[in-house]
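Got a structure for you, written out below as structure tokens; questions coming shortly.
When the chains are written out, they are named A, B, C, D, E and F in that same order, and each has its own residue count from 1.
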Amino acid sequence: MAHGYESGRLDLPFVGISTFGKRPYQPDWSALDADVAVIGAPFDFGTQWRSGARFGPRAVREASTLFSFGHAGAYDHEDDATYLPGSVKIVDMGDADIVHTDTEKSHANIETAVRAALAAKALPVVIGGDHSINIPCIRAFDDQGDFHILQIDAHLDFVDERHGVRHGHGNPMRRAAEQPYVTGLTQVGIRNVSSTAREGYEDARRMGSDILSVRQARKLGAQALSERIPAGARVYVTLDIDAFCPSIAPGTGTPSHGGFLYYEVLELLQHVAQTHDIIGIDLVEVAPDYDPTGSTSILAAQVLLNTLGFIFHARGHR
Amino acid sequence: MAHGYESGRLDLPFVGISTFGKRPYQPDWSALDADVAVIGAPFDFGTQWRSGARFGPRAVREASTLFSFGHAGAYDHEDDATYLPGSVKIVDMGDADIVHTDTEKSHANIETAVRAALAAKALPVVIGGDHSINIPCIRAFDDQGDFHILQIDAHLDFVDERHGVRHGHGNPMRRAAEQPYVTGLTQVGIRNVSSTAREGYEDARRMGSDILSVRQARKLGAQALSERIPAGARVYVTLDIDAFCPSIAPGTGTPSHGGFLYYEVLELLQHVAQTHDIIGIDLVEVAPDYDPTGSTSILAAQVLLNTLGFIFHARGHR
Amino acid sequence: MAHGYESGRLDLPFVGISTFGKRPYQPDWSALDADVAVIGAPFDFGTQWRSGARFGPRAVREASTLFSFGHAGAYDHEDDATYLPGSVKIVDMGDADIVHTDTEKSHANIETAVRAALAAKALPVVIGGDHSINIPCIRAFDDQGDFHILQIDAHLDFVDERHGVRHGHGNPMRRAAEQPYVTGLTQVGIRNVSSTAREGYEDARRMGSDILSVRQARKLGAQALSERIPAGARVYVTLDIDAFCPSIAPGTGTPSHGGFLYYEVLELLQHVAQTHDIIGIDLVEVAPDYDPTGSTSILAAQVLLNTLGFIFHARGHR
Amino acid sequence: MAHGYESGRLDLPFVGISTFGKRPYQPDWSALDADVAVIGAPFDFGTQWRSGARFGPRAVREASTLFSFGHAGAYDHEDDATYLPGSVKIVDMGDADIVHTDTEKSHANIETAVRAALAAKALPVVIGGDHSINIPCIRAFDDQGDFHILQIDAHLDFVDERHGVRHGHGNPMRRAAEQPYVTGLTQVGIRNVSSTAREGYEDARRMGSDILSVRQARKLGAQALSERIPAGARVYVTLDIDAFCPSIAPGTGTPSHGGFLYYEVLELLQHVAQTHDIIGIDLVEVAPDYDPTGSTSILAAQVLLNTLGFIFHARGHR
Amino acid sequence: MAHGYESGRLDLPFVGISTFGKRPYQPDWSALDADVAVIGAPFDFGTQWRSGARFGPRAVREASTLFSFGHAGAYDHEDDATYLPGSVKIVDMGDADIVHTDTEKSHANIETAVRAALAAKALPVVIGGDHSINIPCIRAFDDQGDFHILQIDAHLDFVDERHGVRHGHGNPMRRAAEQPYVTGLTQVGIRNVSSTAREGYEDARRMGSDILSVRQARKLGAQALSERIPAGARVYVTLDIDAFCPSIAPGTGTPSHGGFLYYEVLELLQHVAQTHDIIGIDLVEVAPDYDPTGSTSILAAQVLLNTLGFIFHARGHR
Amino acid sequence: MAHGYESGRLDLPFVGISTFGKRPYQPDWSALDADVAVIGAPFDFGTQWRSGARFGPRAVREASTLFSFGHAGAYDHEDDATYLPGSVKIVDMGDADIVHTDTEKSHANIETAVRAALAAKALPVVIGGDHSINIPCIRAFDDQGDFHILQIDAHLDFVDERHGVRHGHGNPMRRAAEQPYVTGLTQVGIRNVSSTAREGYEDARRMGSDILSVRQARKLGAQALSERIPAGARVYVTLDIDAFCPSIAPGTGTPSHGGFLYYEVLELLQHVAQTHDIIGIDLVEVAPDYDPTGSTSILAAQVLLNTLGFIFHARGHR
């Protein structure tokens, strides 16, 4: 007994080092042995309004400890299911190295981290950082076969280039759609004015996007929504926390009113996890300095842990 | 005219000492003469994540002054009713004494306060403090006949014992269910992962609990929900503010996304007040340091005052 | 090229002086040449609980820069429409002068500003300040013909006089209803206890008001709601930010739970803009010191810009 | 024993109703029996920058509970003295009534309260509110004989009239100097730019003021400073919290850098209390919404309680 | 009278558009006619810890309105001087355009703005942004003759290159020292650990720097300190707000305990302004999201306005 | 190269898992190999006013990353010394397990952790948590020989027992003085009213304490102060963050005005480290929820790292 306690530890949420879910920290990326590898990508030079997403990984990690009561798995009485039993191995890889003033190098380091997770056959879960970090994430999948992207977001992020900028947080979905191994995008939650102009929408549709607003998605419901993703497609999920209503996710750079409520996203992800193979996840734009109550970080941690639960439940870990 | 003003006082909400609803403060608990006796229970050593509920009673009292415009009663145009007319006597008993580091003594003092209210035939309304303060509240009812408990909460709070802890904020409903005079529990709003494991749910059901999640309760609606409480049962209401969605109640120790919206709880309480005799209330887990906008405290005060209005309206005070 | 950049400016939202929507500032009110004239009315001595609405105009202006990405117009993919194209001229007139301790003079200065906008044939858009600033706004319309008022608010604000106060933030709708050129009021969102007693409601109805709570309005829906406004009536809109749910609009003096969600108000205003001639707007009670996340200011800016878009889209600017 | 505890109460600071120092609340101003009468004056329509001092009385009261550990008197080891023993009777009179939009009535109500305290032979201690509340305080002393005023403040507050304003928070010292029974002013801490122009300083000096900046006062030291007050003069102390450095008193409307540190003011007040008869005190401009750490409210409460200790220690209560 | 007020405007600090000091906004940089040209440089991709300095220009501008009471000049009773009389023309040029993800372009745009000010013979005052914005500022002076730099800062910022970074906020003084027209640096306030290693200090001294810690500077006093700047040298002042103690300047990215107090910096700048020709100023690293009380922004505005007052007082504007 | 970066990592402060100083985490306490072992003790049930120190260890750890720029050691130009070179091995042991509602068990777990550090011959550095955690820390030294305690604190913490409480945060110094192996206490910074009454001071002096207020300590200076500690004594340092002025340490439960400034404590610790053998350290009462700017956590981390630097510099690590 390493800590010398005769009766184990109670391990309350506020106790202990803040790794994701209090899972083991593995800084040696060549020695990963895990089903899920969590990576922090604290990059925020791509933001166009409020910055601060660089502290997103730390905030989400700390919030995730709220869900770590030291049980074996998490029992959900609504589903009468125990999610994330001990058989699911999650490790925290720590953060990709960020070089201030240098977008290219920082993105390259994020790509390196994701490649390391993939090399270890772990599901990469990347916590941003602003949405531009999706760009190196997608790049890292260039040898992983074809897949579809499910983007849950307030903004289309489909700007090609403005003033030379091609790798800011308004560009990632355009960059993704350009990859030959990305077979299409489902973009849900898109609403209100943003940095994407009319042409962006037209381009996206032409390049294979299915674009749905919150009201449109709400009318369909979670199941019909998940069925718009091509059957059989492997799915990469990119979740911008501003997809949610600012009432529960105010801690983000560019909040947009009229967003999704909690169960809407949860149920969508549950359906997708049941019907498709999810091969990668990023959750971006948590900016804790705009989250004085902690609501946003807790939401991010809760959604990530639940989604992982759904994925591995579908894979037979129950 | 005590204050020497010829024309009475306007008494704006921000003016005056913060007792509950600006009602009289009665520190002499042997001299209570009231229909409702409000008690502060500023105890928070039972928390497992963020503390600070010790300042709950003060925050709810201050917020309650917002609803004290000096009118005779509160007119609600939707119900076309005037609630809490002058005939309903509410007094503020102040707080139970708390002894730091000592859960047992602090709980005993809370029990003493509730017994004093009951001895005076007043409806006890206890403002926590963390949910463990429900334990001494229920104990104080040991000579008051049988009753049913309506718990509105995100968490089941049905842990028996872990590491010797039996009186923390994860245990109260288990302690309540053990009392011979508690005939059953209706537990609504329960959702997500918490300190109660699967066995807790099984135990609760075996000991007579009816457990409903937010989505399950929402599907039923307020009336059907209230009808699940045994007809004729006298009801004790314990309301954990984290039953509500963090969007309106972020100021609490362990917020849980996907909670109730305002009217859902309001209408449930209105129905119950119309059909059952409510014999005691506690409202717990308001932690004002996580409530920078005041939204949570205002919600707590508003729900308490409305519920009291419903109860005494049903009793004929109109 | 004034700034010396060869390629124009990217003009990110966080860059530049905070006028409303980054539109031109015109301090010379005799030289206005605009379709829309935005006026700040930073007056808050009329508040009965939390003050601070004096900083509302600055906060809404800064938030409005979030919606200024330097495009020509704002494309909305749900409506497939481009709102506020370059042909709609918006100017920021700055603020009316406020004289501390002196309600009368401050109100007179606000009236002067609105008269200047009207003299220039611009649509006046006044950003409060507390709701009492509606009083001088309505006064300024005394030579503009008859009109109807659509009030979206949590509170009826129909107090006649208490302790001599006739121009506080609980009085404006009474003052408006007294004007011969105000033909009636539609008051939506009214809920919960406030400074208006039962008599206020009775007076309002007798003087021609149609009063609807949030739940009543929700049941009707946006279209039916807009149809309760007399057909053909020219409409002045007064929007108290506390009409919204505190979950998205906590930054206000007297938040009231159970308010409108975003789309409910948006769709109501869209319908009204399509069917009626909107001749003036005020948006009041944004108090940024209670808005640590910026959610309230962003909501205010977003609703104002969207409403202006709807109005001028209906007038043919597309 | 009213509360039924066999062993008395521990009465921790966070427990109990927030009256000043947890002393008795006496709303019947004709029945005052006290050495010190504490009055709240929650008026802030006189502010020229940030408002919110209306919540000053509540915040200072709550902070004052930190100094109420239930001991008999407060032992200070540096002075080897016990201050405020049980023989000093302090009561809290609650707040003067405030009428929104109406400076004159609100000020009149404050005057009434101070007169009530004086009529009971109690030392009035008024907690603002903005500095304009000093105006009715001084008026209430019109039948109390001559006295000198010691103002500790960042701002001279000596504006005669601008735009008709004579009773805002930039005017009180001018109003005081005009009273025949005010024999002179010592104004310390005055620094930086403010609403008082050069003429204000010249007028003040002509009307008998001794004006000292922080650096000038610091060079003199507390004793020499106190000796500039005419020997034998009875002294009224008006303390604007912005006299202090914003490092310890950020929670105020118009903070001014370069202010006093804690011991500088404390020692000045200790000297004055030892050598002069202090006949009234007001402490103004605490604005808790700008005080997220509570530092300012705690400072205000600490200085008030210490000063009362010094006064009654000098009067023989030890 | 543009606004139609017969008696002018009172123009309280909280009223009006937030340009620097409420001075005129001149977006046409080819038409500058001013003694002082204020430029915002909202760039913060160079930060190594907390970001958010992009909102520094807006925050400092808003705080500066506190010092704009509508007087002709600012009277300081300690100096018995009126600073910044109407004869000193200050204009606000707005912000340099910033391109997210692109340090080079953003810096180039800042350089353009400073060149425009210099071309108009105005004193450029640049508000950051992080300290890297000093790099383009100094570049813009390449045709302005030789000068000395006075840096007031917690950090040496003398890193040459790490991981390819040469233009982050740890590099500016190295970049400046490399310019042939920079004759030397006086670096005061330097303390504690930072991104500059021992070699950085050695390099700096070798390249002509005079490095002084806060304690060393304090021992010397303001006058002796100012005398260490070569007599006759023209001086460019770069003031990092973190030179100040976090007690008064918490709102910055990398606060460092043990910093300067207000008068220490003020008196140093006053001495330098009296003895040297100040040819340019930048004030950097104000990050308002870490400044909940506004203390830091107010400090920045106050120091800038005072310094300008000293400079033009020395030049004969009194 | 574990992370796959060819050129090492830049490792900016905001990047990476928050262990203390980004040093290795060693959860296996039987395998410690370190000169310094950092332990979190997130216990706060002993507080008598504001709680929240349970989050102190996490906050101090995160702040400590600000001082981890990836250099080999930290160069201080004032001392011309490099502190904490690679030869000093620091590990983070994580936190002692805390059992809510149970002071005894929680304290026992803290004691276990300190014993583990001592068993490994590492210097234990314990981050609280409230000051009661000093009790188990001192207990763990029962087999380490005699030593003297240097307490730097606002409060004497010498209460014997009240209402049965003997292990709250008002009792630790009494408990320490009772230990036979504690040869005496030097208690500096003690000021103002607190939970210790006059008898506490008398008891402390009788039991061997040297008590000094801030003003008394300031008059002596750091060197004279350090000389009051018996020559040759081994010293345990307990540092309550509220010893500091609330201007730099507002984030604590019971702030007390008039505290130490940064250099005063730093220089005292530097002197003591040079002249005495420091055998253990605890730093307590950091409560991050009252520290919105981060100033307090940064102070705590900075003082701890500097003190460790002084200790090992004195031991020859340079």
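Assorted remarks:
The rule we apply is simple: a contact is a pair of C-beta atoms (placed from the backbone, for glycine too) under 8 Å apart; a residue touches a chain by one contact, two chains touch by 3 or more.
Labels paired with UniProt names: A, B, C, D, E, F = Agmatinase.
Keep in mind it's a predicted model, so treat the numbers as computed, not measured.
Homomeric contact subunit A/subunit C: same residue numbering on both sides for under half of the interface positions. Measuring from the averaged C-alpha position of subunit C to that of subunit E gives a distance of 38 Å.
Our note on geometry: subunit D versus subunit F, Cα centroid distance of 37 Å, whole angstroms.
If you average the Cα atoms of subunit A and of subunit D, the two centres end up 54 Å apart. Looking at subunit B, residues 10, 12, 14, 48, 50, 54-55, 99-100, 163, 165, 245, 247-248, 290, 292 sit in touch with two or more other chains.
All chain pairs that touch, listed by label, are A-B, A-C, A-E, A-F, B-C, B-D, B-F, C-D, C-E, D-E, D-F, E-F.
On subunit A, the positions that touch subunit C within their shared complex are 48-50, 156, 162-163, 165, 190-198, 201, 211, 213, 215-216, 245-248, 250-251, 254-255, 257-258, 290-292. Against subunit D, the residues of subunit B that register as touching in their complex are 2-5, 9-12, 14-19, 25, 27-31, 40, 42, 54-55, 58, 61-62, 92, 94-100, 109, 112-113, 115-116, 292. Here subunit A touches subunit B in the complex through residues 7, 10, 12-14, 66-67, 69, 71, 74-78, 82, 245, 247-248, 262-263, 266, 292-295, 298-299, 302, 305, going by the rule given at the top. Across the interface of their complex, subunit F is touched by residues 44-48, 50-52, 54-55, 99-103, 105, 132, 163-165, 167-169, 289-290 of subunit B.
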